[in-house]
Amino acid sequence: MGRTIYVINPNSSETVTRGIDAAIAPLRSADGPKIACLALSEGPPGIQSQRDVDGVVAPLLRKATELEDHAAAFVIACFSDPGLHALREQSRRPVLGIAECGVLTALTLGQRFGVIAILPTSIPRHLRYFGAMGVTQRLAGDLAIGLGVAELADDERTFGRMVQVGQALRDTHGADVLVMGCAGMARFRASLEQAVGVPVVEPTQAAVVMAVGRVRLQGT
Amino acid sequence: MGRTIYVINPNSSETVTRGIDAAIAPLRSADGPKIACLALSEGPPGIQSQRDVDGVVAPLLRKATELEDHAAAFVIACFSDPGLHALREQSRRPVLGIAECGVLTALTLGQRFGVIAILPTSIPRHLRYFGAMGVTQRLAGDLAIGLGVAELADDERTFGRMVQVGQALRDTHGADVLVMGCAGMARFRASLEQAVGVPVVEPTQAAVVMAVGRVRLQGT
Amino acid sequence: MGRTIYVINPNSSETVTRGIDAAIAPLRSADGPKIACLALSEGPPGIQSQRDVDGVVAPLLRKATELEDHAAAFVIACFSDPGLHALREQSRRPVLGIAECGVLTALTLGQRFGVIAILPTSIPRHLRYFGAMGVTQRLAGDLAIGLGVAELADDERTFGRMVQVGQALRDTHGADVLVMGCAGMARFRASLEQAVGVPVVEPTQAAVVMAVGRVRLQGT
Amino acid sequence: MGRTIYVINPNSSETVTRGIDAAIAPLRSADGPKIACLALSEGPPGIQSQRDVDGVVAPLLRKATELEDHAAAFVIACFSDPGLHALREQSRRPVLGIAECGVLTALTLGQRFGVIAILPTSIPRHLRYFGAMGVTQRLAGDLAIGLGVAELADDERTFGRMVQVGQALRDTHGADVLVMGCAGMARFRASLEQAVGVPVVEPTQAAVVMAVGRVRLQGT
Amino acid sequence: MGRTIYVINPNSSETVTRGIDAAIAPLRSADGPKIACLALSEGPPGIQSQRDVDGVVAPLLRKATELEDHAAAFVIACFSDPGLHALREQSRRPVLGIAECGVLTALTLGQRFGVIAILPTSIPRHLRYFGAMGVTQRLAGDLAIGLGVAELADDERTFGRMVQVGQALRDTHGADVLVMGCAGMARFRASLEQAVGVPVVEPTQAAVVMAVGRVRLQGT
Amino acid sequence: MGRTIYVINPNSSETVTRGIDAAIAPLRSADGPKIACLALSEGPPGIQSQRDVDGVVAPLLRKATELEDHAAAFVIACFSDPGLHALREQSRRPVLGIAECGVLTALTLGQRFGVIAILPTSIPRHLRYFGAMGVTQRLAGDLAIGLGVAELADDERTFGRMVQVGQALRDTHGADVLVMGCAGMARFRASLEQAVGVPVVEPTQAAVVMAVGRVRLQGT
């Protein structure tokens, strides 16, 4: 019987997984579905390239197969939604992707959404995805903070760049809501929202909200 | 202090309100925000025309003003989302509309969504709204069951028409997910899904899911 | 019998109404339909918020009901086109909105239209409307002059801001035609066009042109 | 000094020109700009192919050069708007095309417009044009009556086909307004509207309405 | 040094590979780049699901790594373009996908393209891809022949279904050019074109044409 | 019998024609179709206005008629693709336009294409064309170098402006591939690509690649 919503971080970083776990904690309820966050031990340290995205699908599907019988739903916690449609084919459970849910949730909070990416090379991948989703008309812009993995460890610098990029999206591109384009930015959400003055969507939260709803409504 | 998610049915029908209440019941949790469904006594018996849509905004805003201090969030439970943006201006609480949330949720369940409307005259209004949302590329079609208020009381006939329209959306228009284009269809969701064989989104459920999430995440 | 085109300014400002009247004066012809401009005494001093937009629909519909028997057509002279579709339902006469006609007319004068709004908060509302109209691909940008009601009384300052915004729309956003995003800017049209060097559409003029045509062609 | 709006039918058919003249007659006013309809003697008997469209541009520009000093505005009365942008470059007068104005006017009368073409081979040309105009999202469909020139002389048969195509656009494609995709269909407008039950736009009327407005407003 | 264009069929079927090889044979020239077609021995017998698509990326990238030093360019010969962007990241050579090139080539042959898919379950995947490509406005429709692997062995039946689907795309959906939505249909191209009467694009041919051009132009 | 691909430069400049000839030289193969580049002696010295575009169609069609029996295919080598659809109607041979092929080829090299135009007045014409092609969603921007004919003779200055515009398209507009918006820029392709650091498409090359492919595949 399906009992737990599994939030799978397809990279192997336990730090990111703990950040996700903290971010979605308020969505756990006494009588609700359990929610477990886990890293994919076979995943790369970070998912940065299209190769990384495509490469984690196989281990992700294997992990989901193991979990299927105990799963209430799956959330894929990487902003490229790797394996989203493959897992939907494979599993009998609801499957949500954080990019999809993050963007759709942003559409309820502003007319033009801006996306904060880590790397410039991710932007064409995001644009392809927003095109596939058919929501490009609502996109204000997608800009990268442009920091490497080592530099991301410096929280102050990272946050500073996020604020700069958020302000550029707001002022130059006309964004009135921002989406964090990475599962690993969760801890900055509230302060970024305050600093930039527009709503900021943390996409794993957005996806878990939908997953909880889907699970609670099953069979009704 | 904000405590309760108010789901406001802007028409005055208690039957519809009770149907909504039943539909969203599984979304109540022991430690979660309370959820109250209420009809707008000043509203018309049903919201069928653009005039009806525009006309309920003022009483809806008044009702929301009364509820503001006790509100955790508002859900506007009419598929035309009357007053959605006006209430967002007025209230300090999250405000969700069922058409917006219903359609966005459908985008996570299929590539092309079909909408089942009550009346043909609602279709241009829906199309304007989907255009404003920027999701027209994902729309398979919007078809009406074409029954008057009196005929809607005949459940068997209504359901039969919904199945016909759902099948036409699936087979002729290519829909792989359906959205019920009215808050008063909730009781048919599960059987319609079974009859047509594609996921069916009940839009008030979709909006309450998002409202619960928004409330639980506030301040994080 | 329908005789007069009623141009209804849904705010209560007689100054704005007089400005509209002056702007459309050249469209009166000896043998044409009469054209009368009137303010809505029940309207707010200015229409700035979505609440204002929704709030004027009821008095507007009432006023139009009174005028119906003498009306040849109605023009709603507020750039949010409040009540446009409700009045189309209600009336047997042609009903034109100035935002709709202003934008459509701009499409015959340039490839990318820019809109000059009063307030930044109006921009998302405009964008929703252009999306509903399905013309977003032709939009260069929508920028606000950002002056409050008191400041708007200072004509020199207002015009200066309009020129700045018009130049930004032309140079940064690629607009080759501008639409004035408010019925109250009519007196600046010619000088703005000269100052910015691209055609400027005064939207009430655009709507009255279409209304006159519709009336003259009735029954042919 | 500019005095007359010249409506140039780029084919050489006097019958079509007379039909246009009758259609726009109600737009003449005692004190308004004169309106003269003329056929292009160098034009082909009918404009059916892209070659015909491109081929009439040169004689059209020459004719317009001759008329320039007496012209208040030009209307190009062929549904492919041949030479529209070239004439806009060349002339100091307003230049309107009937396809552009016909479609834009239709957008004020319904949410999805259908187009009745003469020949199937015109449809891709129309679609390219609607794409260039950026209004494809509002297009319900474009269908041809598929009659050759000789058959078009049979009014009863032609009208019968127009009704069939109009009904298909309404019922199968969802059109709630129709545009006649040829300047030579003007005489059928009123009866087609009655037969199909949705508004029908005669595009030369639509363009002359805008031309009259443009002329009257010049210098204001 | 790069010498050979490698056309990689990501499934393991030698029959399909031989069909591809025959289809692209006319693109070999005496002094041109060599063109080699090969199956991916690690690939599945056919690529039918999103899981199959995602699953072949890793072996495809490995195979391409082996071939890199001898490669002039790569063509990925599966209509889902698996690994297209990952291989573009990895390789210093031009990389073309047959779906991308097939659709883009179709845009030079007709205004609305129709796609003939094998299975209904592929259609949402195709639609996501066309959305990512930003060409949805040109799509007439995507329909499946709906035959299983065993049934596909029956050429007569397969061809008969392709003709039926092609005619439906032409007549009901308005397609004036068809794209074969599978690398394994190459042998039917000419007879399908003749049977349906509109141009038919064989996508591997389209991609190899572009690959040859890219290789010949390198360094100019 | 069709033997030669005729690349017709619709202006009369032999310098431009020689530049094109050099650019496409690598596409000639020993056993391939012959490729001949020729200027249109009746064409203007340069094609700068819509009038120029429309004006060259007639001589272009005449020239193509003369060449038809010896032609394998036609390429129209002007970035406005004059006469593209008229020649497709007239000829039994494949007909390719350099703007169409240049843009479509760019879509295989980057997610957002930027266009370098000569004159600002060409930009609205380009935008109409990209709209007709249905690829506007992929357009990053279209900017002009803004040099007159005399100034273009100064190669250093011209190249300097192209680099500036290319960098602006890349940095401000987000282009990751550039298309040269004129057949006369061919000699700068490689150095521009190096200077800006993103792929640069020379559109005549792109069209000849497709023409060669079309010819080689005929009858298969």
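Every chain is named by a letter (A, B, C, D, E and F) in the order it is written, and numbering of its residues begins at 1.
Here is the rule we go by: a contact is a pair of C-beta atoms (placed from the backbone, for glycine too) under 8 Å apart; a residue touches a chain by one contact, two chains touch by 3 or more.
For each chain, UniProt lists the protein as follows: A, B, C, D, E, F = Asp/Glu/hydantoin racemase.
Only a predicted model underlies this, so the values are computations on that prediction, with no experimental measurement involved.
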Where each step is a move between two chains that touch, what is the least number of such steps from chain B (Asp/Glu/hydantoin racemase) to chain E (Asp/Glu/hydantoin racemase)? 1
Would you identify the chain whose Cα-based centre sits farthest away from the centre of chain E (Asp/Glu/hydantoin racemase)? C
Which one of the chains is farthest from chain B (Asp/Glu/hydantoin racemase), going by Cα centres? F
Centroid spacing, where centroids are CA-atom means, of chain B (Asp/Glu/hydantoin racemase) and chain F (Asp/Glu/hydantoin racemase) in whole angstrom: 51
For chain C (Asp/Glu/hydantoin racemase) versus chain F (Asp/Glu/hydantoin racemase), what separation do you get between their C-alpha means, in angstrom? 42
If you average the CA atoms of chain E (Asp/Glu/hydantoin racemase) and of chain F (Asp/Glu/hydantoin racemase), how far apart do the two points sit, in angstrom? 26
Hunt down the residues of chain B (Asp/Glu/hydantoin racemase) that sit against at least two other chains at once, touch-wise. 124, 128, 131, 133-134, 136-137
Chain contact topology under the given definition, line, ring, star, complete or other? other
Touching pairs of chains in this structure are A-B, A-C, A-E, A-F, B-C, B-D, B-E, C-D, C-F, D-E, D-F, E-F
Contacting residues of chain F (Asp/Glu/hydantoin racemase) [partner chain A (Asp/Glu/hydantoin racemase), same complex]: 110-112, 137, 174, 176
In their shared complex, chain C (Asp/Glu/hydantoin racemase) is touched by residues of chain B (Asp/Glu/hydantoin racemase) numbered 49-51, 53-55, 57-58, 61, 83, 85-86, 88-90, 121, 124-125, 128-129, 131-134, 136
Where on chain A (Asp/Glu/hydantoin racemase) does chain F (Asp/Glu/hydantoin racemase) make contact in their complex? 123-124, 127-128, 131, 136, 141
For chain C (Asp/Glu/hydantoin racemase), which residues count as touching chain D (Asp/Glu/hydantoin racemase) in their complex? 23, 26-27, 29-32, 96, 100-101, 104-105, 107-108, 133-138, 189-190, 205-206, 208-210, 212-214, 216-217, 219-220
